[in-house]
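Here come two complexes built around chain A, the first alongside chain B, the second alongside chain C.
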Partner chain A sequence: MPDVNSLVNEFLIKLKKRKIEGSKATAKLTAELLRSFISQKRLPHTNQAGALIDAVKAVGEELINANPVELAVGNIVRRVLHIIREEDLSLTTAAVGGLSLSAESDNEDDVDQGDHPALSAAAVAAAARSTLRPPSLQTLLEDMPHSAAVPQTSSSGGDSEGKSKSADKNLMTRKLKHNVIEAVNELIQDISTCHELIAEQAVEHIHQNEVILTLGSSRTVTEFLCAAKEKKRSFRVFVAEGAPRYQGHALAKELAARGLQTTVITDSAVFAMISRVNMVIVGAHAVMANGGVIAPVGLNMVALAAQRHAVPFVVLAGVHKLCPLYPHNPEVLLNELKSPSELLDFGEFSDCLDFGCGSGSPLLHVVNPAFDYVPPNLVSLFITDTGGHNPSYMYRLLTDYYSPDDLVVRRRSTS
Partner chain B sequence: MDPRRVPRTVSDPKVRQVGFFAPPDRTQSGPPAPTSSSPPVSEISPSGNSLSPVMIPPPRNLSSDISRHFPPAPISPLRGGRGAADSSIPVGSYNPSEFISPTATADFSEDAVSPGWSRKGNSAKFASSLPTGGIGMAAVKQNNVPASGLATVSTVRMPKAVTEKGGATGEVQMEQQPGDSKISKEKTTKAERRALQEAQRAAKAAAKSGGSKTQAAASGVNSINANTGKVPKVTPSKKDSSSVAASEKRGGDRQPDKDRKKDVPHPRMQFDDENRVEKAKRRSVVKQTEARSRVELFRHLPQYEHGTRLPDLESRFFQLDPIHPAVYKVGVRYLAGDISGGNARCIAMLQAFQESIRDYSTPPEKSLIRDLTTKINSYVSFLIECRPLSISMGNAIRFLKTRINKLALNLSESEAKASILLDIDRFINEKIILADKVIVKHAVTKIRDGDVLLTYGSSSAVEMILLHAHELGKQFRVVIVDSRPKLEGQMLLRRLVGQGISCTYTHLNAVSYVMHEVTRVLLGASSVLSNGTVYSRVGTASVAMVAHQFRVPVLICCEAYKFHERVQLDSICSNELGDPDAIARVSGRTEINYLEGWTNSENLQLLNLIYDATPSDYVSMIITDYGMIPPTSVPVIVREYQREHLWI
Partner chain C sequence: MVAKKGGNRGVGGEDAEEELKRDRLQAILLADSFATKFRPITLERPKVLLPLVNVPMIDYTLAWLESAGVEEVFVFCCAHSKQVIDYLKNSKWFGQPNFSVSTIESHNSMSAGDALRLIYERHVISGDFILVTGDTVSNMPLTLALKEHKERRRKDNNAVMTIVITQSKPCSITNQSRLGMEELFMAIDPDTKQLLYYEDKADDLKGTISLDKGLLMDKTSISLHNDKQDCYIDICSPEVLSLFTDNFDYQHLRRHFVKGLLVDDIMGYKIFTHEIHSSYAARIDNYRGYDTISKDIIQRWTYPLVPDVQFFGNCATKLERRGMYRASEVGLSRSAQIGPFTVIGNGTSIGSNTEISDSVVGEGCIIGSNVSIDGCYIWNNVTIEDGCKLKHAIVCDGVIMKSGAGLEPGVVLSFKVVVGQQFTVPAYSKVSLLQQPVKQDSDEELEYADNSRGVIGIPSISNTPEKLNEQFSTKLSDSQRQTVSEVGNGGVGFIWSHGEGGHEEEWRHSVAPIPADRLVEIIKTATDELEISNRDGNVLPPSGELEPDSVDNDSDEDVRDDYAYFEKEVEATFLRAVHENVTEDHVILEVNSLRLSYNLTSTDCASALFYSMMKLALDTPHDTPGELVKNFATAITKWQKLLKYYLTSIDEEIEVILKFEEMCLESTKEYSPLFVQVLHLLYDKDVIQEEAILNWAAEKEEADESDKLFLKQAEKFIQWLNEASEEED
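Moving on, here comes the complex of A and B:
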C-alpha cells in the first residue's frame, strides 16, 4: 500500500513539474500506474467494482488535477474506469447466467446467454450484449432501458454474489481484479502500438509524387510518412520547424535519413508554400469530443492556410488522445504558457522583464503558449488506430471507449 | 497648333479612364466635393474624415484616387444644386483633382509645363492674376511640407475666379504655378525647349498615325510637355472642352493600349533558363557558386552559396574597377545583411549613386546621358548580384534613369549632375521621408486609447507610427510577433520598450493565441502589387490571415513609391531566397543542432524564403502617402504614380 502511494506521489510530482513530455508517454505511464494501483488495492467482499471504481476515481482526480492540461491522464483514468465497469458487468452477467445454470462456468464469452431463461431477464441480457457486441443501431435502440440499469445491476450483482457461496466469492474477487488488469495491459499495449496501426493506413492516403506539409514533430507522423515510403511511394515533405521547440529539425533529419525528399521551411513560410502542398499531416495533443484538436502551437495557422487553399488537413491521433470532454475556450483554458527563455534571451532583456522596477508591472511581456486549438471545421480527417473518421463522428467514437458516468472524474463521496 | 490636343493635358484619358464616371462630368465645372469644406489648408486632420471607415476621403492630397472610386451618380445632382454656390471651393471637382494628383508631389519640382502656360495666350491672364497665390502656396508647402498633403494645399487655396472661369485648365495652371515661381530660370528655358521638341515629335507621330489629330500627343505619358505650348489657346472655352472630351475619349481608348504595351513589366530573369544564367554568370562581378542542394520548386530563383560570397567580394575590391567605391560599399553591406528594410536599402542605394555621380565625369566623345545610364546600369547589376533588388529599389532606379534620360542635351556637365543630384535628393525626401511622415499622420488617427496593436517583424513605418502615437500620449499596447530566422522583432521590441511602450512579445506560431486581444494589426510591406497583393516579409500573410479569421482589421503601411504594376498570386513565382544556413542554426539554443551538416544529405534541403504575398482580401486598408485606400485602389495609385514619375 505505501508502495503504491509513493508511486502515485512520484507521478503526481512529475506531472506537476511537467516532467513528462508527450501525451503518449503520459498515457502509458498513467495506465501503468493505475495497473499497479489496482493490483495492490485490497477490495472488500461486497460491491468490489464500486469500491474499485471509487478508489480509481480518487487517484484519477488527483492525477488530473496535477496537470489538467494533459488530457491524456484523464482519458486513461476514464478508460480504466470503463474497463472496470465492463469487466464487472461481464462477470455479473456470467455469474447470473452461471447461477441459473447451477454455476456451470464463469466463462466470459457467454454467447449462448440469450438461450438461457435468465433470472433478471432483459436487463442482464442487454447488458451482456452491449459489452460484447460492437455498437450498432440495433444495440443503440435496445440500450435505451439498459443505460439506466447498468449501475443498478452492477451493485445488485455484487449483492447477489454476497449471498452466494464464499468460495465463489473469493474466486470472483480475484477474477475481477485479474480481468481488469488484463484489460489494462491490453490498453497499454494498444497505446504503445497505436502508431503502427495508424501507419498501416498510410498507403491509403499518400499517393505518388505527393507533397506533404507537417509542422513540428510527432512520432506518429514520422511513422506514418515512413510507412508510406516503405511501400515504395515517393513523395516530398515540407517540414515547418515548429518554433519555439524546433522539433521539425529533428523530424526533417530523420525523414531525410530514411530517404524522403525533405525540405525544412520556417514557420513563417507555411502560407507561402501551402499552395503547392497536397496534404497537411500533423499530430495532435488531444482530440476533443466536438472534433476540435488541441495541437502543438502554430497548427491553427497552418489549418487556416490549408483551408484557404483547400488542402486537406489530416490529424493523426492515437485513441488515447480522444478526450470525451467538450472544450470551452480551449485556447486559454486548455493551454499552457512556457518559459519566455525559449523566445528571448534573458541576459539581453532582463531589465525589461523586471517586475520590481517602475510601476510594478513590467513593460515587456512574453507569451509562449504550448498549444493551439484547431476548430473541427478546419480538420478534414482524423486517422486513428481504428481508421479514418470525420470530426463530426468523434463524439460517437468516444462512446466506445468511455462510460458516460465517468465523464466527470470525481469521487462520489466528496460531492 | 492643334487645338484639340490641349484638353488632353487637362484631363488625360489615361488618367480619366480609371474611374467610373462619365465624360460629361469631367468637363463641367467641378461639383463641390462634400468634404471640401474640411480643414482648409495643409493641416492634415484625418480624424475629421468620418466618411468611410476605410478610406480617407478627398481633402487629402491626391484625393482623386479615392474620389475616383465613388461612382459619379451621387455627385452630379449635387453639382446641379449647389454648383455655383459652392464654387468657391473647387477642390472636389473631378477634373482638377484628377490631374493634380499626379503632379501633387511634383509641385516643387521643375515643372516644365508651367512656364509655357503662364506666358502664352489667354492663360496668361490667370497666371498673372495669381502670382501671389502661387507663391503663397509654395511657401505654405515649404513650411509644412512634411506634414501636409501636398496637393490639397494648392487646390484649396485656389481663388474663386480662376476656377469658375477657366474650368479645369485654370486649375491646372494653378497647380503648376507654385512650381513655376520656384523654379530657376535655367530650367524654364530648358523646359521650354523640351516642350518644343516634344511637340514636334508628337506632331510627327500624329501624322504617322493616319492623321487622326487627336492622337497627336501619342508620344507618351510625358506628352504633357508637348501640349504645354498649346494649352492656352483652348483653355477658356468650356463648351469646346466638352466636345473635345469626346474626341479625346476616342483617342484615349487607343493611346493607353500603346502605352500599356510599354508598361508591361518585362519578365524577370528566370534562373532555370540555363542560357541566360550562363550569360549572366560571365558578366557577373561577384563570384556565385550555386548551392549544392537546391530546392526544386525554386529553381527559377537564384540559389547560391552564401558563405563564400562576402569574403570573395571583399578580397576583390581592387579588381572591381568599374564599380564606384560608394556603390561597392553598399553592395557589400547588402550582401552582409547590414542594411535591410526597403527604405533603408533604397536610401543607401540612392545615396551611393549620388556619391558616384558627384565623382563622375563624362569621358571624352561620349554623351553624359548615355554614359551615365550605362554606368548606373552596371552599378545596378552589381547590386543585384549582391542581393536581388527590392521592388522599391527598382522603382527608384527607374526614376533615376528617367531623370537622366530627360536631361536637356545642352546642359553643361556640372549642371546636369547638379540637377540629377537634386532629383535624387528630392526623391529621397519626398517619396520616402515625407511619405513616411504623411503615413504616420494618417495612421495615428486609427489608434485609439486602449488599443492593442499587433505588428509583425520590424517595419520602419510601423515603428514610427507607434512612437508617434506614444508621443501623442495615446494609451495602447503593442504585440510584437516575430519569427525566425531574422528575429527582427527583437530590435523593434528593444526600441519600443526603451521608449516606454508596453509590449508583448511572441513568436509567429502563437499568433492565434494573442489575436484574441488584438484590436488592430499594423504591418509593413516591401511592395504592394497592382492586384492588391501585399508583398512583404515572409510570415506577414499568416498574420494577416489569422487576423482576418479573428475579424481584426489589417492595416498595411506602405509608401506609394513601393507600389508596382506587376501582379502576383503566390509567393513562389517570384521571391528571394535567403541563406539556408540561417535556418539550421537556432540562435541561443545550442541544443538544437539536428541540422548540422545538412548539406551532406542529398535528400534534405533548407528553404529560407524572404518574402510572401498576402492576398488582398486579408487587407482591410493600405495606408500610403496618398491617403488610406482599400487594396482595390492600388492599381489606380500605380497608374497615377507612374505618370507622376515621368513628370517630376
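Moving on, here comes the complex of A and C:
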C-alpha cells in the first residue's frame, strides 16, 4: 500500500496543475483519497472523532486551496466530515447507556453532545439530534426507520461496554473507522451512480415530440437524454456548440450515434431558437446554497433567453455538486480564466500582442472565463439523484449532507 | 481525434506508442545560456534563477517538462552552478514521483557545444531526448511532436532532430519588438516539413538571402518563411550528441550545429520542424523577451503556468478583476491604485496614492506613498521610498530607492543597489554593485574603469559566488565611504557603460518599449530593404555564394589604396622609360597592363602619368622656379604624345587639371606658385584644350573659397582665354 502522504501530495499536485477536470472525477478521486487517508490514520484512544475530524480538516484545507475553483473538492471534504460526525453520533448515542462515555463525550467540543442528558433511551437521543438541526423533509421521512434501528445496536453495544472499557475502546476505534469507511464507500458509490439515478427520472420530464435545448456537453445531460430515448420517447435536441471549447460538437455526434434527432446551433443563435424549445436541460459545475448555479460559460445567456420565452430551465446536478456555500462568498465567485489560446491562435495575433512599442501595454486583451453564474430566479428546477427540487429548497437539502460546523474548512488553531 | 488517426494507421501506430511508453523520456536542460545579455544581473545570479513573474525561470521549464511527460531531466549547470544546484536541492523537484531531476556540473564549458560533449561523455542519454534551455516557457504537449519524430526516425535513420517552431506575424517590426530577436528566415519542405535553410542573422543580409540551387533541383516545392519563430525546443536523437563530439568546433546550437548540418550534406543528416499552433512556447533571450513573456504569462497564454495556479512552489495568488493578481497577504493602502495586469507578491506593502500599472512586484517589498510604477519588474525585498518614479525598469532583490529617486525607461538595477535621494538614473543604464568587467580591446572602457576607482577588481563570469561575495563586501564598504557616488547622494553602485554598440543597441534589448522615433526608423529601414530586394529581386547571385553588399561600402578605401600603388608603379615605369629610352608605345603597353591589373580607368592613367612627369621635372636639379618650369617644359614636350594618348576627352583633361591642383596642394608644393605658368604651358603644347580649362573654371566657380586658390591665380589666364574665344567667334 503506498504511503498516504505521497498519495495526498500527488493528488495535490494534480489539482494544482489542473490535471483533473470535471467535478465528478474530482469528487470521486477526493473521496477515494480521503478513504485511504482515514483507513491509514492512527487514532488516539480518546476523542477519536475529534482527532479524525481535525486530521481530515487539515488535509481538506490543503486540497481546497490547491484548486479553490473546483468546488467539488470542498464538497466532498465536508461530506466526509459530516459522515464522521454522524457515525460518531450514532455510536455515542448507541453506547450512551454507560456513564463513562458521557464523560468522554464532554471532551468532544465539536460534537454537540456535551449538554445531552445521559438518558438511556437511544431513540430520544436520535430525536434530540434531529431537533438540533432544522428538520428537513428527507430527515423526517428517513429518521423513522433509522431511529428504530438504533436501539438494537445500542443494546449490543451497551452489553460489551459494561464488561470491559478498554476492550470497548478498541472496538469503538475500529468501529468508528470502519463505519466511516463504509459510509465513504457509499458516498463513492453514490457519486458513480448519480448519472443513472438522474437519468432514471428522464421520462418524467421529457415528453413526446418535445424540443430540448442544451449547451456544451455534460455527461449527466447525455445520459439523461439517452435514457429518455431508450424509453421510446421521440424528441429533438438542439445543441449549442459551447464556444470556445466546442464540446457541443462531440455531444451532437454522440446523440446522433444513439439515434436522436439532433441540431447543432451556434451559441449566438440560442435566442433565435429558444421560442421553438420546450425545455432547456443543462449540466452545472456547482450548485450553491441559494440555488444559484456555477455553470459553463454561456449558460447565463441561455437562462435569460429561456426566462424571456417562459421555457423551463432545468439543471441536472449530482449531489456532489451541491455546495453549502453562498455565492456572495468571494472564494466562490472565483472564476477560472483559461488560456486565450482557446479563442485565438497565438501566432495569428502575435503582432497585436506587441509590448515593444507604444506604451508597453498591448491594446488587445483576451479573456476566457470558464464559468458563468446563473442566479436562482432563472432556474426552474434542479434534478439531483434524490429527485427534482426547487431552487429555494436547496439550502434545506444541503442540511442533509453537510454539518454547519464544516462550512469553513480550516484547521483549528492548537489553542 | 489524434488517437483515431493513429488507429487508422494500424499496427505500426500502436508499435510506436508502445515504443514511446517503453523508453524513459529524457530531457537535457541547459541551465546556462552561454550569453551575457542579462548582465550585470547574471554576474551575481544565474539567469535560470531570475524570477519571471515571481517564479524562477527554471521552474517554468521543469514544470512544463514534467507535465509534458518527461521522466528524467539532466540539468546542466555551468555558471553559478552551485547556486543552481542548491536551489534545486531545496526545491521540491528532487524526489518527485515519476520525475527525476539530476544535475551535471561543469566549470569550464564555454558553450552549448561543450555542454553536450560533456553529457555525451557521461553516457546518460539512452534514447531520444528533449533539448531545452532553462529559460524556456511553454505549455505545449510533446506527444505529437515526439510521435512524428519517432515515425520519421523509423523510416529514415538520418532524421536526427526536430525543432519546434511557432507562427509569428511577419510584420516588419514584430521580430524586433516582441522578443528582441533578429528576423529569422527558414526554408521548409512543405510536404515533409524538412528544414532546408536557417538564417537567424537575416538583418545583416540587407534583404537578400540566397538558397543553394541544389535544393530546388531535389525538391518539388520549397516554402520560404519569415513568419516563423524558433522556440528553441528540440527533440533530438542520441546521434546529436555524438555529432557534437565529432565536430568539436560546434559551439552554438543554431549557428553552428543546425547550419552545419544543413550545409554539410555529406553525412545526409536531416532536421525537421514541428509547428505548434495553439500552445505557447518561447525562450527568454534578452530583457525585451523577459518583458514580453512576463506579459504573456500575465495574460494567461501560458495557462496553466500562470500566477494564480500553483504549478510549482509559488504562493497562493488570486486573480482579481481587470487582470490583477494579488497574493494573500498584501498591505495595500486604500488610496493606492493598482492598475490592470499587475502582480503583487506576498508580504508586500504599498503606501497611499501610489499608482502601479503593468508591473510585477515581488515578495516582501515596501513601497512608499506617492510612488508611480509603470511597466516595471520589481523583485523581492525591494524598498522604494516616497515619491519615486519608475518607468519600464528591472529592479533586483534588495534594492533601495531613496525618496524622490527616479528610473527612466530601460534601467536595470542589479542586486542591492542603492539609488540616492532625488537622483534620476538615466535611460538604458545598468547599475550594479560590481564593476563592469573590462575588455582589453576597448580603450573607452579601460578609461572608464580608471576614472572611477584607483584599484580595480575585475570580477569575471568564471568567478565562483564565494569569491564574488568577498569582493562584494570590500566594495560595499569602499563605496559607502564615497559620499557622492555615481547613483546620487548616498547611493551605492556603478553605472555600467554601454557596450560597443552604445545606445544604438541598448534600446533593442531593454524592457522599455521601443521609442516612437526608433520604430519609425525600423519601419523605414525595413521598407528600404524591401525596395532594395525588389530591385535586386531578379539578379540573385547565381553562384549560391553570398555576395555581401558590404564590399561596396569598403571599396572607397580600397580604391584609394589601389590608386596609390598604381601611381607608384606608373611612376617607376615612366622613370625607367626616361632613363632607358624606352619608346612611347612600350610605355603605353606597360601602363595599359597596369591599368588592367589594378582595374582602373584611362583617366587614372592620365593623372598618374602626369604626376610622374611633374615628379621627374621636380627631381631634375633646378635652382629657381623658372628652371623648374623649364624642366617641366622639356619633359612635357618629350612625353606629350604619351600623355595625349590617355587624354581622349575633355573629362580626362579636367581630371588632369584637378590632379595638378591636388599635387600643388599636397605632394609637390613647389609648383603652387607656378600654377598658371604650367597651365599655360600645357595649353600651349596642346596637352590641354581651352574648353577643358574653361570647364574646370566653371566647375570650381561653385566650390568653397579655400578651393578657389588656384582659380584666382589662373583668373587672368582664363579671362584671356575667354576673350580669345570671343574674338574667334
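As a working rule, the second predicted complex is superposed on the first by the 335 of 415 C-alpha atoms of A that agree within 3 Å, B and C clash if a C-alpha of one lies under 4 Å from a C-alpha of the other, contacts with A are read in each partner's own complex, and residues count from 1 in each chain.
In the analysis below, a contact is a pair of C-beta atoms (placed from the backbone, for glycine too) under 8 Å apart; a residue touches a chain by one contact, two chains touch by 3 or more.
Predicted model, so just to flag it, every value in this text is computed and none were measured.
Asks: In the superposed model on chain A, is it clash or fit for chain B and chain C?
Replies: With chain A aligned, chain B clears chain C, so fit.
Asks: Rounding in steps of 10 degrees, give the angle chain B-chain A-chain C taken between C-alpha centres.
Replies: Seen from the centre of chain A, the opening angle is 60 degrees.
Asks: Look at the residues of chain A and decide whether chain B or chain C touches more of them.
Replies: In the superposed model, B touches more residues of chain A.
Asks: Which holds for A:6: it touches chain B only (first), chain C only (second), both, or neither?
Replies: second
Asks: Which of the two partners, first being chain B and second being chain C, lies in contact with A:209: first, second, both, or neither?
Replies: neither
Asks: With the two complexes superposed on chain A, say which partner A:262 touches: chain B (first), chain C (second), both, or neither.
Replies: first
Asks: Would you check which partner chain A:345 touches, where first means chain B only, second means chain C only, and both and neither mean what they say?
Replies: Both partners, chain B and chain C.
Asks: Please work out whether A:65 is in contact with chain B alone, chain C alone, both, or neither, and reply first, second, both or neither.
Replies: Touch status of A:65: second partner only.
Asks: Now for A:234: first (chain B), second (chain C), both, or neither, which partner does it touch?
Replies: Once the two structures are laid over each other on A, A:234 reaches no partner at all.
Asks: With both complexes overlaid on chain A, does A:16 touch chain B (first), chain C (second), both or neither?
Replies: Touch partner of A:16: chain C, not chain B.
Asks: According to the stated criteria, A:276 is in contact with first (chain B), second (chain C), both, or neither; which is it?
Replies: first
Asks: In the superposed arrangement, does A:372 touch chain B (first), chain C (second), both or neither?
Replies: first
Asks: For the superposed arrangement, tell me the lowest C-alpha distance between chain B and chain C in Å.
Replies: Minimum over all C-alpha pairs: 5 Å.
Asks: On chain A, what residues does chain B touch that chain C touches as well?
Replies: The answer is residues 340, 342, 345, 348-349, 365-366, 368 of chain A.
Asks: Which positions of chain A touch chain C when the two form their complex?
Replies: Per the touch definition, chain A meets chain C at residues 6, 10, 16-19, 65-66, 334, 337-342, 345-351, 353-362, 365-366, 368.
Asks: Quick one: which bits of chain A touch chain B in the complex? Just the residue numbers, please.
Replies: Listed in rising order, the residues are 236, 241-244, 246, 249-250, 252-253, 255-257, 259-273, 275-276, 297-298, 300-301, 304-305, 308, 331-332, 335, 340, 342-345, 348-349, 352, 363-369, 372.
Asks: Provide the residue numbers of chain B that touch chain A in the complex, in ascending order.
Replies: 295-297, 482-485, 490, 493-494, 497, 500-514, 516, 537-539, 541-542, 545-546, 549, 570-572, 575, 583-584, 586, 588-589, 592, 594-595, 598, 601, 603-609, 612-613
Asks: Where on chain C is chain A touching in the complex?
Replies: It is residues 63, 67, 97, 139, 166-169, 171, 173-174, 176-178, 180, 227, 229, 277-280, 288, 291-292, 295-296, 299-304, 309-312, 316, 318-319, 323, 341, 357-358, 374-375, 392, 512-514, 516, 519 of chain C that touch chain A.
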